[in-house]
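By letter and in written order, the chains are A, B, C and D; residue numbering begins at 1 in each of them.
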């Protein structure tokens, strides 16, 4: 490789499902980045790394702190289990590394806020939470249109995250640590609301109320973790905007994430009419098409674009495309929805972000 | 016309926008019915009736009570202003006439219940509230599929009623009497929830909670009537079913009513991909299609089918396809959503239908 | 029925599949027409008529000439077997009746021309061949758009008529009299080409060449009648327009008739994305939808509109919406395609409509 | 980069529009290949290469023969002007290099056959013509379905290649060397016919007849080169298969390439319902979506997949996914269509591939 080209020296922390994918993206699909190291404490993942990363010159670590000392390392992509996101991000920042952290920063609001504080204390470092949908071509097209004013003022947003049913019940065990369906799934939809409601360069919308309900239609065991397999949440913002969400673990044909951005003069839809490819089959049973089977099949290119834009932001010293304050706000809203689901109550917030007793005070 | 063929002798009450359409449907598109009379107190409507109905042998009345005495009259289609629905329906029933009444029975729950009581006191008469979507080919196809068990247990229902923006502001004045957006628009969606959640012949689902929010994005004057131009409502039922609704008065391209019925094993969508016809235009601006401009353009054939099935039910002494108890329940839910919108509170109900203080009691 | 309203007194000749439908349309769905008589020589059809038409006051005849003498009869809808279309049409015209004749006028060009001559000799009578697609809402929307100039000059037209496979093999026996797949099926597509290529009020396009090929993929016995179950035809017109056609008897999910009108500045598609209704099913197998099972399921409303516009044309003395010269030209082109299929040769025509030996002469 | 990983050492010849893209694909998106050299005689392209390739360690040549001597070079991607494809391919083969050559091999049949002969004389080398659609996810899904027998025997294929109108008139000058619209555009569709008609592992279908017509709707100057801006072609194969094609230089919204594969038991469509992304805009003008503006926007990922599969074929010594005999046959058919367009005549071929006088002999 030519010495005159500067490429971002990056490491990946965590080589599970998403970590391995991030490693591949930085290794093979991000021209301006070079994957130089990877960390995992897991023997299976280590074996995978020996076979798939090491031959390309990637140094494998089983100790995160050691990896942070890797010579020349500039940035870390944190893709561990969610419970470790914040710790690894903070450690990397404190070691002077730029960070791309998988969503969510944490399932806890206070921990997320701590990450924000640490990142603010290092203004020379780029720190970004990886909300992948913001890098998807379809969402980008919608956001450009909304930003141009073509639908007037974005006022209502509907968004859903629906996974194909996994009969292995993996997500039941996972629910113990996931933060719940609104924090795990709808966090993406919440992020989209924050993104589109500030598409006109106005500040982040201010939370006014949340209300959530849910059912366990297929997996009653989720109740053990206070979670559901189908959730509906409604979020009001001060200044007249509403977002409403749906999440499900039982979408029959596959992954179906859809968003509608409804403005005073028009509407944008993303994936109202889902499909895996441009192919349809005409058979005696009618006309049919397939859809993606999981979020990676749907958003693979978005993850790659995310990696590229993160590398660009660091190398060209640009503002990262996903704002940290917004990512913390997404956690706040997700956690509040989960709390509303648990308590059955509508929760109210004043303009300063404090939870208040009732709607009357929320108007202040 | 051959004497041996019995045709239902029917009258229409009210010849406004929908009344005139009902009159035409019974006159020209319902082979087993004969429009014999029509009532309106309005001079403009009377003039229209003289020109368009009288030549076909329809007797025009400006006094409703007189019309009810029309010789041979068997049935009345009530299509007056909503505020008169209940009164005319009750009078007709008491005069021994079968009744097809436009939705909603009333914007008040107690009045709706009174209509139900009167109708129950006349079990020999067919009384039906005209929820037109139940007669639409697409909704019927979806209901057949749901009834067959093809999607497992219907668990979540999403439904929206979105009107094209009317810059004349007609709907602002109309809001004074409409009962509000949830009673006027989403009443259809509520009815669909009741219909689909009992598709497996189980009893009507029992209301557990309602929560509604809304904004006035384009017509702040709606606030005078406690109404909004965009509303989001969530309804929980005892036994684990959730319906969530959206209504809007500002849908840019036209009428867009959509429903998703989500079951434990699959999903049915109605109008996820709206279009007026099978025609698309490929121009330098992309590919575009039109959608219906109003609910009648979307549901005209459904109204005709409704008229036919009502005539069949009377002539063949069959159960009417829309159950009166369900139609009253729809009013109850619509009114509760409107109250939740007004108060900003989530409302809870026990299994017997009584409003209770909090969610804990709603579990009883 | 009020005496002051004039309704077209019409009879239907032939009560087979389409004849019975036409009878029902005129009886129940054409307010300005009154079905007063019907003819069929067939005992089964007679029995059907006794049960379904006679009770409504329709007089049934088993002798066509007798029916033409029915008092007050003004018009006849000819819906017999194709072989009788011309004879009944001519007899009706000569008896002073207006005629709506099912397509095609005949499978023979000379007979079609004879019908044209007779109709021209009776300029006071309305005579129209029933090309139903011209009355379909989607085709009408496309034609309005083309006529408005929105796609520039219509230059290329692609159109197909594809039937669901009928395992009974009915269409094999039918092929003996149908005139062949281009005359029986693609005649509609040919008619559309003539309609759209003159959408800008220019005269009918002039035939320059035809070329057809075909295969018997499922029914080799069709070869006995010189016919195929899949045909492709290309038609050139003088002045630079091309239409190309496909017809099939083996479309798996149902009826799929599609048309593209390609202009110098844009394109219109009709039914590129076929569906029976607005309903889709999301199942573990993907997303699926149904399509119409036959042409009547697709075009029922178009047939009704055809009946209404025919009645209007007679009662209001307007030009009929389908020009007779165009309908004869459609037969000429269909017959030529069939001849090209049979011989394997490309056929050429000069501007006066005469077949010529080769392309060089076709330029004259 | 780790020494133990073998990566295909490849060069690109030609750095025009497609050449530069191929260079980027091999440089940044093909993990198992390493772009080591590039050739272009063009000063502008050289300047681009200095800036975009040289910094990554790619050696730039302005002499093709010199480049072939590049140490360690294993393969060449030929992406020059079409007129040079064959020459460079043959030279590379004779220098012992594997070759991926842009389509078509040549606009002349005899030259294409010469490439085939040379490649056959070097059975140890992988030589492949880059028909990119065969690597598109949607076409691959369709081919898997067809190969599995799910639509019965593929019998009819419709395919079109439609470019957005380029008002610069570039394609008029280009027509002098392009070989004409059937060789330049429909060559892809012809290749698809050969691919799908042998999806069941049967040998390549044998050409029986071709017939083509066309018009110059927007660019009369094309006539100078015997070319058209809209062409329709029909190809018959011995053994009962038909392919029909359309190509256009004036598709208003962008690139619209569509294929239907029609079998005896079903149909597969690719891109019947084109779209650029999953985003739609709902505005007062209706619902609209964009489509790709050119073939690269549509097929970018296919080109990348093509590069990857070519590298795999060489490194793993597998059969290349596009057969050379098929690529020559595509040229034969394209050239024959162009000749039919020019002469206005239908051309016939016997089973051995010889052109014969008439259809009767074509049956032999």
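Rule of thumb we're sticking to: contacts are C-beta pairs under 8 Å (C-beta built on N, C-alpha and C of every residue); 3 or more make two chains touch, one makes a residue touch a chain.
Here is each chain with its UniProt name: A, B, C, D = NAD(P)-binding protein.
This one's a predicted model, so the numbers in the text were calculated from it and none came from an experiment.
Colleague: Please decide if copies chain B (NAD(P)-binding protein) and chain C (NAD(P)-binding protein) contact each other with the same set of residue positions, more than half shared, or with different positions, and reply same or different.
Modeller: Over half shared, hence same.
Colleague: Suppose chain centres are the mean of their C-alpha atoms. Which chain sits farthest from chain B (NAD(P)-binding protein)?
Modeller: For chain B (NAD(P)-binding protein), the chain whose C-alpha mean is farthest off is D.
Colleague: What whole-number Å value describes the gap between the mean CA coordinates of chain B (NAD(P)-binding protein) and chain D (NAD(P)-binding protein)?
Modeller: Taking the average C-alpha coordinate of chain B (NAD(P)-binding protein) and of chain D (NAD(P)-binding protein), the gap between them is 57 Å.
Colleague: Calculate how many whole Å lie between the centre of chain A (NAD(P)-binding protein) and the centre of chain B (NAD(P)-binding protein), each centre taken as the average of the chain's C-alpha atoms.
Modeller: One centre to the other, that is 41 Å.
Colleague: Specify, in ascending order, the residues of chain C (NAD(P)-binding protein) that touch 2 or more different other chains.
Modeller: Those would be 151, 251-252, 265-267, 272-274, 282-284, 290.
Colleague: Tell me, which parts of chain D (NAD(P)-binding protein) touch chain A (NAD(P)-binding protein) in their complex?
Modeller: It comes out as residues 1-2, 4-5, 27-29, 31, 54-57, 137-139, 141-142, 145, 150-151, 265-274, 276-284, 290.
Colleague: Please give the residue numbers of chain B (NAD(P)-binding protein) that touch chain A (NAD(P)-binding protein) in the complex, ascending.
Modeller: 151, 153, 155-156, 158, 209, 211, 213-218, 230, 232, 234, 236, 240-242, 244, 246, 248, 250-252, 262, 264-267, 272-273, 343-346, 358-360, 362
Colleague: Report the residues of chain A (NAD(P)-binding protein) in contact with chain C (NAD(P)-binding protein) in the complex, numbered from low to high.
Modeller: Interface residues on chain A (NAD(P)-binding protein), with respect to chain C (NAD(P)-binding protein): 251-254, 256, 274-275, 282-291.
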